[in-house]
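Each structure below appears as structure tokens.
One chain, chain A, appears in both complexes that follow, with chain B as partner in the first and chain C in the second.
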Partner chain A sequence: MVLELAKPRPIWQIMFSTHHTDVGLLYTIMSIAFFFLGGALALGIRAELFLPGSQIIGDSMTFNRMFTVHGTTLIFLFLLPFASAVGNYFVPIMVRYKDMAYPKLNAIAFWMIPPGGALIWLGFADFSWYATPPYSAISAPGPAADMWIFGLKILGVSSVLGSINFVVTILKCKHPDLPLSKVPLLAWSFLSSSLIVLVAIPSFAAALVMLLTDRLGVTGFFDPAKGGDPIAYQHLFWFTFHPEVYVLVIPAIGMMYEIIPRFSRRPIFSQSSGIFAFVVLSIVGFSSWAHHMYATGMSFTEKTVFMVGTLAAAPASAMHVFNFIATMWGARMRFATPMMWSVGGIALFFSAGAGGVANAAMPFDFITHDSYWVVGHFHLFVMGTIAFGSIGFLYYMFPYITGRMYNETMGKIHFIMSFIGTVMVFFTQHVLGLYGMPRRVFDYMPLPEYIIMNQITSVGAMIIGASMALWLFNMLYSSAKGKEANMDDPWGLGGKYYYPHQAKTPHH
Partner chain B sequence: MARAIVLMSILTVLVILPMIHLVFAEPAEAGQYINRKAEIWNLFFKMMTIAFTVGAVVSGTLIWVVWRFRESHPKAKPTKYEEKGEW
Partner chain C sequence: MSGHSNWPEWIYVAVVICLLTYVGAEAWNVERIVEHTPAEAEVIKVTGQQWFWTFEHEDGTKEVGELHLKKGKPYKFEITAKDVNHSFNIHDYVVLQDAIVGRLNTVWFAPDKAGEYTIQCREYCGLLHYNMRATLYVEE
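Take a look at the complex of A and B:
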């Protein structure tokens, strides 16, 4: 709270502010709070799976509820809002505008998230974050399922409002002297991901309404007994949520584009290739949704088309990796905490991508479908790449937000523990999947291979949990007692920063 | 550097493209299913070979870059952008 330290204000002034840095601060605090809530559920899940049989969770229904809310929370209440936090802080400054295009709409988009999150947490639904029918349409217990549907509906509207704001701010409000090609890549990442949201969300919005009317008994869109088709839901769902992966990953890459050149002390190797890769990813993200559905009886030709569509994302992703490496080549890098998280994120991004290339091939997909391979692959992206990029960026923003420096040693320990834990958990889950362990199970066969790999995974999760506790302590302690930051150059690197405290307009 | 990246991209596309055509060219008759299955497995193994080779090269390069161009490396020197503060 840079601005708050300089001139203290009552909390309600921040809560009801429409200024972009205030809304960014609210997004940051709320998303981190949900990160710890969702993470706590993950630790519960891993504790349960440490050994076969029932351990700490009494029944499979509770287990199902836990992983449903875990997934929903971390995707919709941590990753997406955290990206919005970064966008709110930086996009107006980067396009040299006084605020977001629609400040009130911006605040409304934020304030839709707490009720959405409350519905999800108070309901505690049990049908996984896919809400797959026919179970979700016919027999998932209410009101939990209905609350989840309403919660997601609210969060979807919030995403759309936020995206409209980003698109208009970047395209219509940027300074006339600033050509689009010179807009920093972080802002470009928000333009790309916002456009994806606007195209992708409507199909899931429709699916949610159809699911709700099915549950009310009015319709039978996804109920086979009424002539409906559950596979149709999967198409509508994945048309939204495969591109949504890019909505999550593109801002994280944008954050790395801000950090890597800063700590390398040289400009990004190729701005234009970064822009090109963002645009390509935004387009090809829509050509691969059915690779989640190879096992649903599609024709060979359809599967091949989606396989090729999936592989089309590989060159664009590789362009980002090459861009980062080329930027670091010949640099003089300072491995402060944000840089460590970004480089670690790039390494894991590449590993996750390689797994995705393998998994895109349909024969392999048939082996790994609904196995722990998929859990490992997906989490390597969301934790290893997106959360790593986000956490690194929060360290980067910390001096700007609080006016103080975090403890560097604790930050580095946090990274090392998280990196080790992430590799232990998600690489092992890939192997566990190849051994045939199905995902979303409360119990598993007491085979020695299953037991040892589940134990490695659970220990890795506990290491991550401990590192995150250290992070929380570092954040809280340093924001109160940390050394005062040099706001012009917190890391002593030189160069040009985009400081949120450079926001020119007064708070409103 | 930029030329090398462009060249590598073109070579990658040239290697992958004929394989995709091979799969598309397979006839659609039901009796041909085994051939198509063999074809797609073949494509998978080739892609895995490419993925692991490229993966090893890129990961190795990343590790070397991180080690060599850290500021504490004995041969580290200021970048040409540092004097003007332009980045």
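Take a look at the complex of A and C:
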């Protein structure tokens, strides 16, 4: 059993370990730390936008740097590393192997993240998370911009190394008695998301190098004055990052596949449909990248092709929703904290998907594109679905990591406040977008509709912030003073909390 | 594989696919209609640069930060950018097209109501992006 805190070890033993549960613990702690750092920036942004005019942030450049680092942090330093944390803990156990396939590579992949994160935070670039040229090549102030490029380069390599490790662990180290079709869906989710990473990341990796040499003035890949094309960058970028959104969401769905059946006290409705949906999404996810570029002047035919490609990916996501509902239908559910987060996450996943379909319909996108609608759309995924799934899963892992129980009442209050806050913030942002408020703005026109909706959004954000402070307290307090968990069945579900419990960790 | 029949799921998937097909077909049709620029549309050259808009009419007159047009007439915007990318947006008329360095993007509209409308930049372009606005005056 892994009782990290009940049997304290010196910190350096964990830091220099290559064991999968130790690397998993490092990933967990680091990603949660970055969650709070990035979240703090979001609260700053919302405080500034509470009223038109300048409130707490003196100048727009600081504001622009804040939303850039906010987005970069939460995607690359919270969501992705948190997924790796879960994968590290669970994938080897689920395929019945003693560790990850390449333990040293695993530790190296982790240790690349702190320098990447440091470059991003110390630089504090301003060109938004998608760094489009020509702005990023000729206008964005250095050295912040260059540090961001290097930081992302490092994080990209880390992500590729981690993915290779997951793929090999699952396909090559799986116990011979365990057929791939019986591998739990959580492990399947890591197989599909890792394969996506391996295909998707190279184009952005190339774009980053080209952007850097453009900034150094030695090339003009994206500079029309030198015969380059700024649109080429956008294709390279979105070829990576539309599939990457599935890299983010698939592990979160996998976490829900672990929690929903467990707390419904019955097996998943259909293992095969879950696998099918993962595989289909990993393939079809590559057919839609330019739906982010309708307004760049694409021809009618191009737009149509990418609209069809986008819509084609939706049924696979809808199948997961069906699978979850069918599993819960008529089941004896227990709404402990992890279950509440998962069910809430599924509800928000569904509404986010509906908004995505609307975006994909090309005439409608000319209303919503680069407006606050888009901010609302993708936050229902990144916050409402992926972060909700992840937070729920951290509650689920809590007894496993610490040997103690978190405080259940505080956990429920945390969920209820976050859910209310999330609905207030991101549903309202959809409407703000319909009223035409652009995204990435330091200030807005003092129209009464804009003001009231921005205020609802800001209040919602503060509710989320308060609930996260409560969460932090709960985690810190309970890991030291919480009551001892019953490691066979921490939630009294009558079944076995078997995966984590089986992990024997002979530290090597 | 799961040992029980799965037909409710297939029916559900079929319904989802039907809905998506409907959305796609409708979107295709609407876009096809709105993209058809009338031949008599008057050309307005639009240039975005950090952080203002310049408009040039067919007769060569230029306006900076404001644009005067006639109600009921069709106009075709030819949009480009000088320094970095911007996005030309008249939200009230669902006019949105990126202003890209080295490219000429077009979009058309016909204002049907006299009045003042906001023109704004919808693509992040640096320091004063949030304030990169102009005013459209539609006159009788």
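Side notes on the structure shown:
Heads up, the rule we're going with is that the second predicted complex is superposed on the first by the 493 of 508 C-alpha atoms of A that agree within 3 Å, B and C clash if a C-alpha of one lies under 4 Å from a C-alpha of the other, contacts with A are read in each partner's own complex, and residues count from 1 in each chain.
To be clear about the criterion, contacts are C-beta pairs under 8 Å (C-beta built on N, C-alpha and C of every residue); 3 or more make two chains touch, one makes a residue touch a chain.
Predicted, not measured: the structure shown is a model, and the values here were computed from it.
When the two complexes are overlaid on chain A, chain B and chain C occupy overlapping space and clash. When the shared chain is aligned, no partner comes close enough to touch A:G38: not chain B, not chain C. In the superposition on chain A, A:S270 contacts both chain B and chain C.
Touch counts on chain A: comparing chain C and chain B, the chain ahead is C. In the superposed model, A:G345 lies in contact with neither chain B nor chain C. In the superposed model, A:P103 makes contact with neither chain B nor chain C. Contacts of A:G87 after superposition on the shared chain: neither chain B nor chain C is touched.
Once the two complexes are overlaid on the shared chain, A:P438 sits against chain C while remaining clear of chain B. Of the two partner chains, neither chain B nor chain C is touched by A:P251.
Of the two partner chains placed around the shared chain by superposition, chain B and chain C are both touched by A:V357.
After overlaying the two complexes on the shared chain, residue contacts for A:G24 are found with neither chain B nor chain C. In the superposition on chain A, the residues of chain A contacted by chain B and by chain C overlap at 269-270, 300, 304, 308, 311, 315, 318, 322, 326, 357, 361-364.
Contact residues on chain A toward chain B in their complex (touch as defined above): 261-262, 264-267, 269-270, 300-301, 304, 308, 311, 315, 318, 321-322, 325-326, 328-335, 343, 346-347, 350-351, 354, 357-358, 361-364, 494-496. Of all the residues in chain A, the ones that touch chain C in their complex are 60-61, 64, 126-128, 132, 134-135, 138-140, 181, 224-225, 229-231, 269-273, 295-297, 300, 303-304, 307-308, 311, 314-315, 318-319, 322-323, 326, 357, 360-364, 366-367, 369-371, 435-436, 438-445. Partner chain A is touched in their complex by these residues of chain C: 1-2, 6, 8-9, 12-13, 16-17, 20-21, 23-24, 26-28, 30-32, 34-35, 50, 83-85, 87, 89, 91-92, 94, 96-98, 100-103, 105-106, 118, 120-131. Against chain A, the residues of chain B that register as touching in their complex are 1-2, 5, 9, 12-13, 16, 20, 23-24, 28, 33, 36-37, 40-41, 43-44, 47-48, 51-52, 54-55, 58-59, 61-62, 65-66, 69-71, 76-82, 85-87.
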